[in-house]
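Below you'll find a set of structures to go through.
In the two assemblies presented below, subunit A is common to both, partnered first by subunit B and then by subunit C.
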Partner chain A sequence: MKTKIGIPRGLFFYQYYPLWKTFFEELGAEIAVSGHTNRRILDMGVKSCVDEACLPVKVFFGHVLDLADKVDYLFIPRLTSVSRKEYICPKFGGLPDMVRHSLYGLPPIIDTEINLRKSGKNLLNAAMDVGSRLNCDKKAVRRALEKSLRAYREFREQVKKGALPPDIIDKRFPVLKKPSDRILNILVIGHVYNLYDNYINMDMLKKLRNNSVNLITVDMIDGCIIDEKAQTLNKKMFWYFGRKAMGTALHVLDRNDIDGVIYVMSFGCGVDSFISDLVEKKIRRKSDVPFIILTIDEHSGEAGFNTRLEAFLDMVRWRYRHEADVSSHG
Partner chain B sequence: MKLTFPHMGNTYITVKALLDDLGADYVIPPFNIREALETGTRFAPEMACLPLKINLGNFIRAYEKGADTVLITGGCGPCRFGYYCEMHREILRDIGYPMDVITLEWPDKGLKEFLDRVRKIAGSLNICKILKAAKNATDVAIKVDELERLCFYLRPREKKAGTVDKIYKHFRAGVLQVKGSRNIRRLIRETFETLQSIEVDENARPLKVGIVGEIYTTIDSQTSFNIQERLGAMGVEVHRYVTVSGWIVEHMIKKALHLPRDIRYAKAAAPYLGAMIGGHAQETIGNTVLYANAGYDGVIQIYPLTCMPEIVAESILPAIERDLGMPVLTLIIDEMTGEAGYMTRLEAFIDLLQKRREAREFERKGALPWNRCRFGEH
Partner chain C sequence: MKERELYLGIDVGSVSTNLVLIDENEKLVEKVYIRTSGQPIEALKRGLKMIRERLGDDANIRGVGTTGSGRQLAGAIVGADIIKNEITTHAIAAQKLVPGVKTILEIGGQDSKIIIIRNGVVFDFAMNTVCAAGTGSFLDRQAARLNIPIEEFGTYALKSRSPVRIAGRCAVFAESDMIHKQQTGHAVEDIICGLCEALVRNYLNNLAKGETLEDPVVFQGGVAANVGIVAAFEKALGKKIIIPEHYDVMGAFGAAVIAREKMMRSGKPTAFYGFRAVNCDYRAKSLECNGCSNMCEVIQISADGEPLACWGDRCGKWTAGAIHIERQSGF
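And now, the complex of A and B:
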């Protein structure tokens, strides 16, 4: 019988799932993914996790519980760093320990450390470590890693072209309303786990797309542009997401086709508490692009969220509708 | 150029010694933490952690007293503290307090930039003078921490309540009156002598509680409502591994010179937290294990709301509580924390520890009332 490996649909799932899936399937394992986030998963997570943790971590706990009795292994890597000289967030580094010591009766956890801070070569070591836990030979692991990296690059290319990760992963073809109004280019900045989990963000992306909005997310901006822009910062950003968000924000200042910026953050996010403020400062100082921060947590009411979103879009549209109304004497 | 720096417990003594010896001009921000927090909260991002807000309040008050340059240390993540310098610079600029920020860390641009910063602070690049001042300041930090440790020991044992606090307060105020590491060290020596001469109850067996958590809120007693003094007054002996001098010696000097560091805590933490994840999470976990092994009665974890590494630690602590039978109380602090609720929890925790100890002692003597009933004459 094939080994069944559980991958919780949380945190970096929407960033790395194609890579993980190919890798494990190449090694002859079977993959089980937890269901889409729903009330039950969220509630299970909230109940089992410390109160102070942020929403995405609580949701992740829910997904782990959803999988717990269905799989042979849980795949919860210790993601210390996925890029040179950068970290993700302390909670990612301590995630397997948090899960192991808060939840009981779990299947064995594959908690391989992935730390590319000093060198990208560590990726192979991490892959070998996972392989050895599944009793696979080194050659097969190497081949699986190469193949999975190819799958991952392909996935990133698709995202860059404008497809959303959940659509690619779930093989959905979104049916959208025909644009009824002028199409707005809205940049949405946010962590992958907030942006692409439709339950957490209360279907925000769908709502935007159905309101004649052309979505641009951080993942759709070219990596080189982001890096180039991020290098102009006074001090090097040491968070993976921070660099991307700051680079994107600075890139917006160069473009004049962006009609608005939405920053989605989860309550209590340490990285976002600084980055959202810095991004806002950068954008407000140098341009008049409308900017809004939407905060989500497990208590967010959908009505309030919708109101803010709609008000923002209305405001952006009024700018075009009343362009001619600007007083001629300033 | 007039320097200023953020408060963190007794760090002002160390920095004062350093800047006095270097002959720099500086302003020490007012000591009122509550007021600084209120000012800082107004301008800082809502979800930023507590130390950032207090620091900001410190700088604004110092600016009003004539300071124009901020001196702080940095880091390279993943804890937020590493980006404090940039946040301070940006916020101060936006709210109309254009202060220069000098970060004491290894800059991205390398040696030249680092030397430029040092020259700015020291006025020249007299290596001999700078190294001597740094050495003396480190020595002051170590001595101050020893003094604090002695206070921790004496408070629950003093015969006349409040004696230690009075001497300690007098010392903290006295430091401001003297200049240079030499005089500060003399003052520390004198205080040591005064403390050693007070009357103590040698037979006292106080409860022993270890303090773990985020460095700012544990070191700066004022932010946590003087928890260390209060515990002392309640007859509890406090211990804390994380200190300013420890941070300077272990984190800055030994790391820069690639010397072997004291990693007892990391070894102790290994079964629970397998990696360094930033901040003091590994210390929190490791030290809790060390306290449990050393027979302490309880551990108190303190951290500011939304502190990322400590949240990880908090979710692991229950496992240590269960495995090693170590009661842990977690206290989280932000600008909304009320003192009364906080004290109630603290008192309840200490009561619990007291009862626990009594029950254990009975057990050891085999004299629990219900034991006698069950296995006695009947």
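And now, the complex of A and C:
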């Protein structure tokens, strides 16, 4: 029987799943993914996780529990850094420990450290470590890694062309309402685990798409453009996400086809608390592009969230109509 | 005589429920301001009843718009032609009553907002994020605690000679600060004045974020009735603040204006059910759907036992069968 590896649908899932899936399948393992976030998963996560953690971490705990008794191994890598000279949130580095010490009766956890801060070559070492735990030979691991990187690059290309990661991963082809109005280009900045988990973000992407919005997410912006822009900052960004967000914000200033920018942050996020402010200052001071920060947390009352989102779209459309000299609203 | 064409705007908020009737020239004909008291349906029915008593059953209502946090509910009950968020309606109302307005300060029951207008359109807006400190419901609570009618709360502040400093960032801290200052013997006028100043300070920090607010500045929402807060704003900003005539029902007024525009444009008959709502028995039933592990909290509204509207489900299973009120709101 094939070894069954459980991959929780949380945190960096929507960033790396195609890579992880290909890698494990090439090594002859079977993959099990937890279900889409729902209230049961959220409740389980909130109950079992430390209170100070942010919502996405709590949700991740729920996904772990959703998988716990269905798999032979849980894949929860210790993600220290995924890019040169940059870190990600420290909670990722401590994630396997947090999970192990809060939840009991879990299957063995593959908690290989992935630390690409000094060199991308560490990726091979990490892959070898995972392979050895599954008793695979080195050649097979090398081959699986190559193949999975290829799959990852393909996935990235699709995203850059405008596909949303959850649509690619779940092979969904959403049927959208026919645009009833001029299509707006709205750029959305946020962590993958907030942007693509439609339970956490209260179906924000669907709401936008159903309101004649062409979505551009931070992940669709070319990495080279982001790097180039980020280099113009007077200080190097310490965070991986910070570079992405700041590079994207600066890129917005160069474009004239962006009708509005939405920054989605989760309540209590340390990285966002800095970056959202920096992004806001850049966009507001250097441009007239409508900008809003939407904060998401555990509450399921959508009224406040919808009011802000609705009013933001009204504002963008109203302004556009005004510029087009057709004065009206509503 | 040709019967006047009227448009109804309804704003169901956390603290008050307001109804406004305007005529075809956007002149306000009737206005009703009542306390929601935690029962939005009852408040709405009372409001409609008052309007009917003043106008008679056969008033020629050509369009209805709803707004406020209870806008979905109100829209379902009366049959709204348009359901709009309160930022847009407040901005429209202010521009009608104070042409050329550039800054709108609005403090309601649980929300506070700032809206910046440039060239006649909403240029930017912000809503309170952290806490409801400084909004109407908090002031209500403090007035009740000090045993002062809310209507007189502001005049106390004006009598103060040396306001005390109160922490305004958090409602809980503000309250414990006030209690402490009372116990050390400060006069109640000075405490109330200090509270007003703290709330204004917090508002300007949290919402205006240090931006310069351009004249003319309009202050609306229920809290604009509080002269203490008005004085604190004028002191902090160093400029005169305009309180529009119908400051307390601006959301409803804006909703009526939007309804009028929409109906004029479309030329269609209104979706308004008429005043029969007054006599209907409305029931809101909430249930937890067990269809999947989302366990959505579904709300069903029925009128005299007939299902009227439904929302709260993520998949559309419940909303699909009921009247789809989302079509007017967009979401």
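Simple rule for what comes next: the second predicted complex is superposed on the first by the 322 of 330 C-alpha atoms of A that agree within 3 Å, B and C clash if a C-alpha of one lies under 4 Å from a C-alpha of the other, contacts with A are read in each partner's own complex, and residues count from 1 in each chain.
Methods note: a contact is a pair of C-beta atoms (placed from the backbone, for glycine too) under 8 Å apart; a residue touches a chain by one contact, two chains touch by 3 or more.
Note that this is a predicted model, so its numbers are computed, not measured.
Aligning the two structures on subunit A places subunit B and subunit C next to each other without any clash.
By the touch criterion defined above, A:G93 lies against subunit B but remains apart from subunit C after alignment on the C-alpha atoms of chain A.
Using the contact criterion defined above for the overlaid structures, shared-chain residue A:W239 touches subunit B, although it does not reach subunit C. Subunit A is touched at more residues by one of its partners, and among subunit B and subunit C that partner is B. In the superposed pair of complexes, A:T248 makes contact with neither subunit B nor subunit C. In the superposed model, A:S148 lies in contact with neither subunit B nor subunit C. Residue contacts after overlaying the shared chain place A:T112 against neither subunit B nor subunit C.
With both structures placed on the common chain, the touch criterion links A:S34 to neither subunit B nor subunit C. Judged by the touch definition given at the top, the superposed model places A:T22 against neither subunit B nor subunit C. Of the two partner chains placed by superposition, only subunit C is touched by A:T307; subunit B is not. This overlay, made by fitting chain A, leaves subunit B and subunit C with a least C-alpha separation of 6 Å. Taken in their complex, subunit A has these residues touching subunit C: 35, 38-41, 199, 203, 207, 210-211, 290-291, 295, 300, 303-304, 306-311, 313-315, 318-319, 322, 327-330. Chain contact summary for the complex, subunit B toward subunit A: residues 45-49, 74, 76-80, 82-83, 85-87, 89-91, 94, 103, 108, 272-279, 281, 305-309, 311-316, 318-319, 332.
Taken in their complex, subunit C has these residues touching subunit A: 69, 82, 84-88, 92, 111, 119-125, 127, 129, 258, 261-262, 265, 292-297, 314, 329-331.
Within the complex formed with subunit B, the subunit A residues making contact are 49-50, 52-53, 78, 80, 85-91, 93-94, 96-98, 101-102, 111, 113, 233-239, 242, 267-274, 276-278, 281.
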